[in-house]
Structures are given as structure tokens and as C-alpha cells.
Amino acid sequence: MGSSFGHLFRISTFGESHGGGVGVVIDGCPPRLEISEAEIQFELDRRRPGQSKITTPRKEADQCEILSGVVDGKTLDTPIAIVVRNKDQRSQDYSEMQVAYRPSHADATYDAKYGIRAVAGGGRSSARETIGRVAAGAIAKKLLREIAGVEIVGYVKRIKDLEGQIDPETVTLEQVESTIVRCPDEAIAPQMIDLIEAIGREGDSLGGVVECVARRVPRGLGEPVFDKLEADLAKACMSLPATKGFEIGSGFAGTEMTGSEHNDAFYTDEQGQIRTRTNRSGGTQGGISNGENIVIRVAFKPTATIRKEQETVTNSGEATTLAARGRHDPCVLPRAVPMVEAMVALVLCDHLLRQQAQCSWW
Amino acid sequence: MGSSFGHLFRISTFGESHGGGVGVVIDGCPPRLEISEAEIQFELDRRRPGQSKITTPRKEADQCEILSGVVDGKTLDTPIAIVVRNKDQRSQDYSEMQVAYRPSHADATYDAKYGIRAVAGGGRSSARETIGRVAAGAIAKKLLREIAGVEIVGYVKRIKDLEGQIDPETVTLEQVESTIVRCPDEAIAPQMIDLIEAIGREGDSLGGVVECVARRVPRGLGEPVFDKLEADLAKACMSLPATKGFEIGSGFAGTEMTGSEHNDAFYTDEQGQIRTRTNRSGGTQGGISNGENIVIRVAFKPTATIRKEQETVTNSGEATTLAARGRHDPCVLPRAVPMVEAMVALVLCDHLLRQQAQCSWW
Amino acid sequence: MGSSFGHLFRISTFGESHGGGVGVVIDGCPPRLEISEAEIQFELDRRRPGQSKITTPRKEADQCEILSGVVDGKTLDTPIAIVVRNKDQRSQDYSEMQVAYRPSHADATYDAKYGIRAVAGGGRSSARETIGRVAAGAIAKKLLREIAGVEIVGYVKRIKDLEGQIDPETVTLEQVESTIVRCPDEAIAPQMIDLIEAIGREGDSLGGVVECVARRVPRGLGEPVFDKLEADLAKACMSLPATKGFEIGSGFAGTEMTGSEHNDAFYTDEQGQIRTRTNRSGGTQGGISNGENIVIRVAFKPTATIRKEQETVTNSGEATTLAARGRHDPCVLPRAVPMVEAMVALVLCDHLLRQQAQCSWW
Amino acid sequence: MGSSFGHLFRISTFGESHGGGVGVVIDGCPPRLEISEAEIQFELDRRRPGQSKITTPRKEADQCEILSGVVDGKTLDTPIAIVVRNKDQRSQDYSEMQVAYRPSHADATYDAKYGIRAVAGGGRSSARETIGRVAAGAIAKKLLREIAGVEIVGYVKRIKDLEGQIDPETVTLEQVESTIVRCPDEAIAPQMIDLIEAIGREGDSLGGVVECVARRVPRGLGEPVFDKLEADLAKACMSLPATKGFEIGSGFAGTEMTGSEHNDAFYTDEQGQIRTRTNRSGGTQGGISNGENIVIRVAFKPTATIRKEQETVTNSGEATTLAARGRHDPCVLPRAVPMVEAMVALVLCDHLLRQQAQCSWW
């Protein structure tokens, strides 16, 4: 239980890292949206392993197939099922992990909870599960763009203590994609790449922060008091693997300001729109979008699976050590960017439909 | 829409700051739990305004009444409705705010979304809405304690840049309640109180961080992949008014470590339980509780409503200034502690029931 | 669990027959709908006991109070809480039932399920629970009328084997309310009243069928494949106390026809609308409203609680007999009419919002 | 929207009659249940077209594949995705229907609602959609049998006016499967078969009633007040294609009895269990299972698609006639039996988990 997300634009993902395949069923996509496998594949390619020298060298094409819900390139408002077949299975790499629990990984908790576990590749706790999210996110992004012109751009803000300077007002997808580390700060990106490569050679790993901006979000999205926009964004992002924190707008740093410093002063712009001079709110006030850019940040811990030897126990509780074999990302951040974008898109899409249901009558 | 939270232990809150009253309906509380109005009132008293010199001087008794779901002091498994009548209405304080939007408050977004707004006291966006959460949280806490011995303790970790040193392993409710600022660090608490009083005199406001620990949480709570325990905790906390960030375990700081530094090594304790030597994970791995203490932190921005004059616009878009009258908290942190505890309790309770449904068969 | 209904126009009812009160919280009513306590009270008065000589003589004013969600007579889009206080408690009438289970009543199953039960008045299984539904239904009806001109009229179609001839195309609320039995067939209504009085004197009870029509329902409501309009109508009606069957359109009788006899031929009317010449479909095809009248029927069994002596067992399983005291309806049908109307309205309202969310974009 | 069913044992179906395939994702199946593709295939074979001379002659093997959620023959508690590829596509048969709306079919309402439609084979409104339900039902049945020994047996009770005499207490799957019409009354079954063949030759169609019994259902399933067991059963069954009515226990006929005739007298059996001497309640009282057999009936209208010429309109509203080509069932009842069984199993399974969540604590 727990593999569905959203109320009106609702996705259900399925699949383990090994087995027949992974995918998603989207229920609630409005009819007559043009969508192609190529558009979905574009996002999956940004997520897939083996895309650059700083990701895991596993080669997985992650080719998607739309099984239902689309005829002649248009959605029917019926469930859209998308499947990606699993390939390149090297189960033998996992024989040791079958017995020894990887520290800070889901091995031990899955065994404790379910009494059974798909050992190969981490099963359902594998980052491979996010394929369904990213595929659904591609459709959500398209819908948001078509209906409201919304633009969502994510990027690596920080790796360890290397932080990029990026302007959320203007950053583009092209800038992000121009570097394999997806940090559109030309000065810091090469340093990040060098650091990831160096740490990878040591068999260790790195964490960092992904920032994501959504521009041209309509006013009025968000459903107080529990389904506030920032609450659903937080849940969406914190459901991604390896996340430890979430911020919107000024975040934790904003707590060191006084109210008079922190408040975003209102003014009316030339088009007669009520705007704010600053955006410490990060695009929402009272849980509802205010028309400013939505800016969020997500903390990703360093990858748990490392080649360095670590102290651990076996599934029967005996002390042992483990140095992971297999091929793992020394840093998930570059591949996490499309995941965060997808989650932001899914939340906005769901809230756009909810807003339409309730507030468009008179 | 959006006023319900939880799947199996599900609450629906209602009520504006002015009008008949506020409250909550809890659907899904197991039968035969002993619960009294006094236990609920204890938590409401920790939340209520006027409780000390550093909160708003509004006097509201916030007396609760259980309308249904409890007979002879025991729950029936039928919906538990709890109502708190509104009192002490000084609507005149809000006449100015009816026209001028408070910066960084929900006034403008509610108008934009709904085209109507309960102006007095902030209506539904008032912190008064949290009464229903705290009342439901009192029952959730009781249930968790009875079923599993879970202890939940929240406290003020930081006000602006004044940070307390508190050990989540050992901190007690009594220690927290021994000071009106709810920071159980005897050295820093008086400084916090002085700072709040000083800022309050200036008509300005402060933010900070609440930390909350849940001890003796059973292993196995959390439902990957979307309803991971940390994802639901994040949503729960980020649905509270004035929140800007959420962390679990090592949080944002943990992203500056390497994997080998960050991973929590497993060992087997004297009772034969698999434990971790450190707790950077904050009590969950792969979205599932691992039996260690759950430790989360929530960032609260400085109160938006301040007496200092601020630049803003009227609801027709004309430039104006606003210096709020009325009686407002210069810092919500001390009153936010029971709110965070309540949200943590509600999430854990819901997941305890979900775990029981799925994983207790054989 | 199970006390909420609807996705976007969602109600949560609460309350037992005895205790503080009963009521409902409505989450998802669009903003700026004019609604008054008088409009709600009108429907509650049609439901309340003691309204005529053929209902239970219990006198309960069932006066409603709107606690939240409405300011200056208009909805805010925040939860609307409505409470009716309990009164006229004669708990002593129930002392015998505390021990002996009423045959075909919920006494035994509540004990088996929950291990506890609000004995007085049947607790949550009392028809008193439907107050919340009828109150919410009053608002749903208003919304449907304002948005789409929908008219919902329910009536008693049959009592035992006395069946009225009523034309769903033309029947009006005024006709229904012109007789205490709510069967707008002038010939049969007096016979029904006589029969109910006679059976009531014997201490026995009667069942029958309520029919309900919804006219001017917009085309396109219903969400295949599980939330088909008839599926949600069936659930809504079968959740009412004492129901044993549900039909739409031709119902069970239609199964005796051939396809060529049963199919509703299409034609285009003078306004250019695609219509059907007959309405055996009952207003839906493929789970979606087709613009014709929605016509449903609900079977209500004879009231379980009777004064005649019956064979039963005590809660410890010993054989005994029971002749119920207290004041019970010999036939619930007249009071069930507003309940069925309410459930139909709630379903249509929910689906109207769902349709708006998904299908109003281009 | 609307393609998911259930709260804790939750299924999401997908797929149109043409396109990549149809299937289901099950979220919430407890871990460590043994399940094989063969067990699922057994039920799909009972549902598939071409299985006998009285069903459509379309040959579809409907071979299922489990994509996820099962490793080494055991469930993981992760989503179980099951896919059946589409084959034998004769889209040309549908060219006429693309323009002319089939009377009493979903063609017109899908166009009205969505503005787009998968014309071939009826798209999502095709009975092919039920493959996902039947596949999920196979797993639900297995779970119910393993946990509680529940037996679910459905059968054709009536075709047109030919009604079988079947004892729900004793009827077995073997008896049902011994005749292609699935009516385990040896006297009436051959007459039913003859009637279906005769009507089929005329290009017309038939309806009827499926009855289904669930034996050994644990006491206590059902969640008043909206998710009563009979309410969820009604929704489940009325969401099947071509259904017009639902009954439990005495159903509509029971409304002609008095309370003293209708009530099920309690007694204590030799095992000390509280039982009822009759079962007019159909296995539930107050919305909760009472340990007696659950007996429900579902009315299926005559198949809408017939070869006889009918009056209709084109999608632009012009009058025309239509005599369907393609290969259609003259009577869906024999194939509907496993569908009804599946829906009953899904409801019971969901409620078994819900009951466990709430009522198994002390």
C-alpha cells in the first residue's frame, strides 16, 4: 500500500528493479491532450543510468511503451498505462547483500516490515521505481504547459559544500542540460564533476541539494488546510529515495530573520496584477499559490550503497562487514533533477484540476 | 477541499477564527480506548493563546466538548466529534485588514482563490484552525502510548539564531513545560524569552525551529513508495501555518557528509535487536521506521502579522501601508510545539493502523 | 472508519442517537453559494420523527446550527459543520435491549465487530445518523439547482404490495408533500396510511420501495469504470439503514426483455439535442449521464424493531424473547424519502465537480 | 478518473479493447501470499470470449503476465501489475459504429463527456476492461481462502424468465462449471442454452440475473455508515457493464413481508455461535457481516449491441439505422459469473484488511 499519489491526477507506480518491468498507471489525465512516447522518453533519458561518466555505468535503455489511454496521439481520459521492461539483470552482484544488510539502506526495514524482500537490485526500494514517476511527470508537465504555460526547471544547487549560483527567475532547461552534473553554474559545475569522480574512485559517495522552480503557476492552487501546496510538494519530494529535507522559499534560513525583514511587500504591477517585491514566501501564502515563482529545495543524502567496507549485520543479526559490489551512483543528484521536476509537476497538475473543480463556477 | 488528513486514522477539521466554533471529526479511532475531555484539554491548554507573557494576550479558554464517539469514557470506533466554541470576538480589530492585504499572509491568496474570505481573525487561515489538530493529536498520542508505548516530545530548538542543546534521547515533557518558551535548555531559554519580549515591544516578530522526537516507535511503519513515513511527516508538518521547511535525521546538514561518514552502522544489541550505532537516518530507512528514535525539525517563519508599518496594497490593488492592530504572537514557536507533536502523532497512528491491516496476517 | 462519502463534495457524518449531538462536516462545497439554516431545516423537518401520525411519536425538533464555513449567508469553500443537538433521551426504554439482541438489527454485529456498543437508541446504527446526510443533501440540492437547474424528487412508490402510479417526468415536491405518506398517488396514499396505522397497532412493521427522479442532470456525469454514476448511486442508497435493493431504469424487470425491446432508440430533438425515445436506461449509459431523467428505486425492508414478541438471544448467547418497547416507526418509507433524495443529490454534486475538474479544459 | 477500487486492497485497471493491452495494478496485497499466473489464468479463462457456443466467437487467449510484485511465487506487498496483451483486432467491424451511436451503449455518452472516444471495440466501455478485475479477483479469492477459508460461488440464477433453483448453502464451483451457461440447475440449464442460441440466431439478445454466495465470511466486516458491506457490494456490482440492479438477501421481494415475517430470529448453535434461523438479511445486519452466508443478486440487461436493425442517430445528430456487425455475445450472463465473483472477492478482501486495521488491538 502507498504506491499511488494524487487525488485527481492520480498515479500508481509498480515494479521492482528486477522482474518483468516497471511502470505507472495515470488516472485522471484530461482528454484530448497530445502526448507521444518520445516526449516521455525524453524525460526517462534524463533519469536513466549510464547517461554520463558520473552516473552508474549500468546500461539500461529504459524504453517506454504506452499500453493504453492514448489513441492517435491523444489522451482519452482513460487510464494511461506506461511500461518499461527490465533488462541487463546481473543478479549475482547481489548475492552478498542477500545476507548482509546495507547500512542506511532499506534492506533491513523491508525485511522487518514485510518478512520478505526482492533482494536483487533493491527491489521496490531501488531508484528504478522512479521511472514511473518520471514518465507520469512528463505528461503532467505537458498538461501544465498546454493549459497554463507553466515552466518547471530543476537543477543541482549544491554537491556536498560546492554550491552553484543560479537565478530561478531565468534558468532554462538548456542551461541545465548543458552539463552532465545538471548544475547550470559554469564555474562550479566542473568542480562538482571532479569531486564526484574522485569520491567515486574511493568507493564513497556524495549528497547535495536539488532546487526546482515552477514559473507562471496560476494563482489559487493549493487546498488548505492539509493539502496546502507546500505540504503536498513536501510529501511529493520527501517520497523520493534518499531525501532528508525539504524547503520552500526562504526555508530554514528565513527563520533567522524578523517578520519585517522576511515579509514580502505587495505592489501592483503594470498589468494590474498584485505582486510581491521579494519572494521569500517561495510562491505560496497560506498554502495557496500567489502567482510568484514557486521555489523549493530538496536535500539528498549521500548514496547509501558504497564500495567502502562498512560494519553491519546479517539478516540473522550476526556482525559482519560489507563492501558493496554492483554498479552504483557515487552521487544521485544529477539523475534526481528530473525526478524532482516530475514530482513538482504531478503536484501542480493535481491541484490545477482540484482548483478547477471547486472554484470555476461563477 | 483539503481539510481531511490520514487514511485509517482520519481527521477532518472545521471552523474559522470567528463564527460558531472550531473542531474536528476523527474517523477510524479503534474501539475501547479510554479517553477523556481532560486529556484533550491538557493539550489544548498548551496551544491556547494567553498562556504566558510571550504569547498573544487574547484570552481564550478553548474549552473542548466531545459530541460523539465516546460512551462511558471509551471510544466506540464511531466518529469522534470535538467542538470548541469561539469566544472573545473583537472583529473591529480587523476592519483595516478587510481592505489592506497583510504581507506574507493568506489574505490575498484566499481572495484570489475563492473570491470570498472570512476577514475577521484570518478566518480559516487563522492558527485557531489548529485546535482541531491538537485535539485529535491528543487522542492519537494516547492510542500510540497504549498500543506501543510510543512517547512523542516536541520542543523549541531554535529562536532566530538562539539554539538550544537538547538530547532527543532523554528530553521529557516535564522539562519542556518547565519554561514558557518550551526550550528545555536552561541556559538558552531565558535569552529566548528576553528576545521575544524585546521584539514584541518593537511590533516585530521572530521565527525558529521546532524539533520533535518519537521514541519507541515500532519497526515497520511507513508505506513506500509515496506514503513513506518521512513523506507523510513532511506533509503533516508543512501543512501547519507558517512553516517553510522540514528535515528528518541529518537533514540538510547531512548532505555535506560522504556516504561512509553518513551511513548508520548496524549492530545487534543485548536483546538481540538490530540497531544502528548512529541515527543520522532519523528513525527511518527506505521510508519505513527502523526502531530508532524518529527525529524531525520544522522551520517556522517569523509571524507575518506585525504592528510595524509595511508597504502593501488594498484588495482593489491600490498602494497603501498597514500596521496591524489586534493582538498577535510575536513568535509562534512556543505554541507550535503541541501542534508539531499532534501532527507527528497523527501520522504515526495512521501508519500503525495501516501496518496492522497489511502485515499482521501470518 | 467509513463515515465519509464523496470525493470532491465530501461529507463526514458523526453522532449517535444519544450523547451530545449528531451532524456533518462538508468539505468541498464551492465558494459563494447562498445557503441558510432555514433551507437545511426544511429538509430536516421532512426527516424528523413525530411529523405525522404514521411516524414514531418521539418529539425531536432536530434544530440545526451551522458552526462554520458560511459567512453572511454565503459559503467560503471551507468545511461547513452542521450540528443538531440530541434531546428527549429516554434511555430507560433500552434497558432490555442492552441484553437481548433485536433480530435483524445491528445490535449483534456491532458487538461482534467492536466489542462495545452505544446501546441507547441504537447508537450509531440509529436512523438518527441520517440527519447529517439530509443536512448535507440540502446544500447539495441547492448547489445542483443553482449550477444546473437540477430537480430531485423522491416519493414512496410502494408500501408492501400497495403500489402508486407516479410519472417521474412530472411529479413535484408539492405533490409528494401533500400527503403524510409521501406517495403522490391520491388513490393509493390513503390505503397506505391505513395499512401503516393498522400494522403499527399490531406492533408489527412494513417495508416498501422509494423511487427518486433527478431531472435536468447535465450530460457527462459519471466516472467509469468503478465510479460509474449508477455504481455511486447504488452505494449511496445501499448505505442508508434498512435497504435491501437498488435499481436504475428498467432494473430487475428489464432483464426479462430482449435487447431489441429494451434498447432506447436515439433521436434528435427540436433543440438539436440527442435524446432517447424511451428511458429504460434510467438516465445513464456506460456509467455516464445521458441527459435523460435519472430514475432509481430503493428497497427498504420492514422495520426490524417491533413490539411483537420475537425469539432471540442475549449478548451472552442465552435464548430469550424480546418485545421491543420504545417508540419506533412502523414503516420508515415516508421519512426515507428525503434521505434518498439527499444521497442522490450528494452523488450528483460530487460527480458534477469531478466532471468540471477533468473535462472543462478545451 | 474512476478506474480504482478499494481502500486497502486497491486495484487500478487500465486498457481499452484495442491498443497495447489491458490489465490491473493491485496495491495492498499482504506479503507472502503464494500466487501463480496459472491461478489467475483459470479465472480469466472463465471470462474469456469464445469459450463456448453461446458466447461471442471471438478467439482471444487472454494470456496474463505478472509484471511485478511477486518473486519466487510469493507476493512482496508491493504493487502487483498484471498485463494481458490485446490480439485479434478486427477494427474494420467498427467502421459503421464510428458514426452511428449504438442504442443503450456508451458510445454517445463517452463522446458527450470526453469529446473523444476509442471507437474500436467500444474502447474502455468494452467488457474487455473486466479482465483486470477478474485477474485481481483471483488474487483476492486466494487471500480470502487462505486467511479465512472464505468460499465465493457465483452462478446464473435467471435468463429472461427461465429461473434456476439453486441452494446457495451447498452449490459448488464444479456444479457451476459443469454447464456452459453456468446455471447449476440441470433441468433449466439446457433450456437456457437453447434460448440463448435461438435469440442469437435472430440477432437479438438476452439479460438475466447472476446470484453469488460468499460462505464462511468472518463476522465483523463492513464499515458503517457509508462503507457498509452491502453498500460496497452494490457499488462493486453496479460498476460492472450492463448492470441495472442489485439485491442482498430478501431484496425487493422482502419489502412485501411484515417485520415479524422478515426478521431473522437469533439462536445459539452447538458451537456456541450466535446464528440466525433464516437468512433474509443476506449475511449482513447494520452493514456488518454476521457470519451467515452473504447472498447477492445482480441484474444484467440484455446486451445492447445487436445485429437487428435499430433506429439511432449519427454523431452529428442525423437520423439513421444501425445493425451491428462484429461478433457479440447474445447474452453476457455466463461470462458475467466470474466478474461478479471477482467484485465480491475484492470487496470482502478490502473489508477484511480494514477490519484488521481497526479492531484487532485488544
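For clarity, chains are labelled A, B, C and D in written order, and residue numbers in each chain start from 1.
In this text, a contact is a pair of C-beta atoms (placed from the backbone, for glycine too) under 8 Å apart; a residue touches a chain by one contact, two chains touch by 3 or more.
Chain labels with UniProt names: A, B, C, D = Chorismate synthase.
On a predicted model such as this, the values are computed, not experimentally measured, just so you know.
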Next on the checklist: For the interfaces A-C and A-D, which has the higher count of C-beta pairs in contact?
Outcome noted: A-D
Checklist entry - If every chain is reduced to the average of its C-alpha atoms, which one ends up farthest from chain A (Chorismate synthase)? => result C
Checklist entry - chain B (Chorismate synthase) and chain A (Chorismate synthase) are one sequence twice: same or different residues at the contact, by the over-half rule? => result same
Checklist outcome for this item: Rounded to the nearest Å, the gap separating the Cα centres of chain A (Chorismate synthase) and chain B (Chorismate synthase) is 26
Item to check | Averaged-CA centre spacing for the pair chain C (Chorismate synthase) and chain A (Chorismate synthase), given as whole angstrom | outcome: 45
Checklist entry - Measuring from the mean C-alpha position of chain A (Chorismate synthase) to the mean C-alpha position of chain D (Chorismate synthase), what distance in angstrom results? => result 39
Next on the checklist: Can you list every residue of chain C (Chorismate synthase) that touches 2 or more other chains, as numbers and ranges?
Outcome noted: 1-4, 8, 13, 28, 31-32, 77-78, 113-115, 124, 224, 354, 357-359
Checklist entry - Taking touching chains as linked, do they make an open path (line), a single closed cycle (ring), a hub with spokes (star), an all-linked set (complete), or other? => result complete
Checklist outcome for this item: chain A (Chorismate synthase) partner, complex, touching residues on chain B (Chorismate synthase) are 1-5, 13, 101, 103-110, 112-115, 124-125, 129, 158, 160-161, 199, 204-209, 219-220, 222-228, 230-239, 241, 243-252, 254-268, 272, 274, 276-277, 280-282, 284-291, 299-306, 308, 310-313, 317-319, 354-355, 357-359
Item to check | Of all residues in chain B (Chorismate synthase), those that touch chain C (Chorismate synthase) in their complex | outcome: 1-4, 8, 10, 12-16, 19-23, 25, 27-28, 31-32, 65-71, 74-81, 83, 113-118, 123-124
Item to check | Interfacial residue positions of chain D (Chorismate synthase) with respect to chain B (Chorismate synthase) in the complex | outcome: 7-8, 28, 30-32, 77-78, 147, 224, 353-354, 356-362
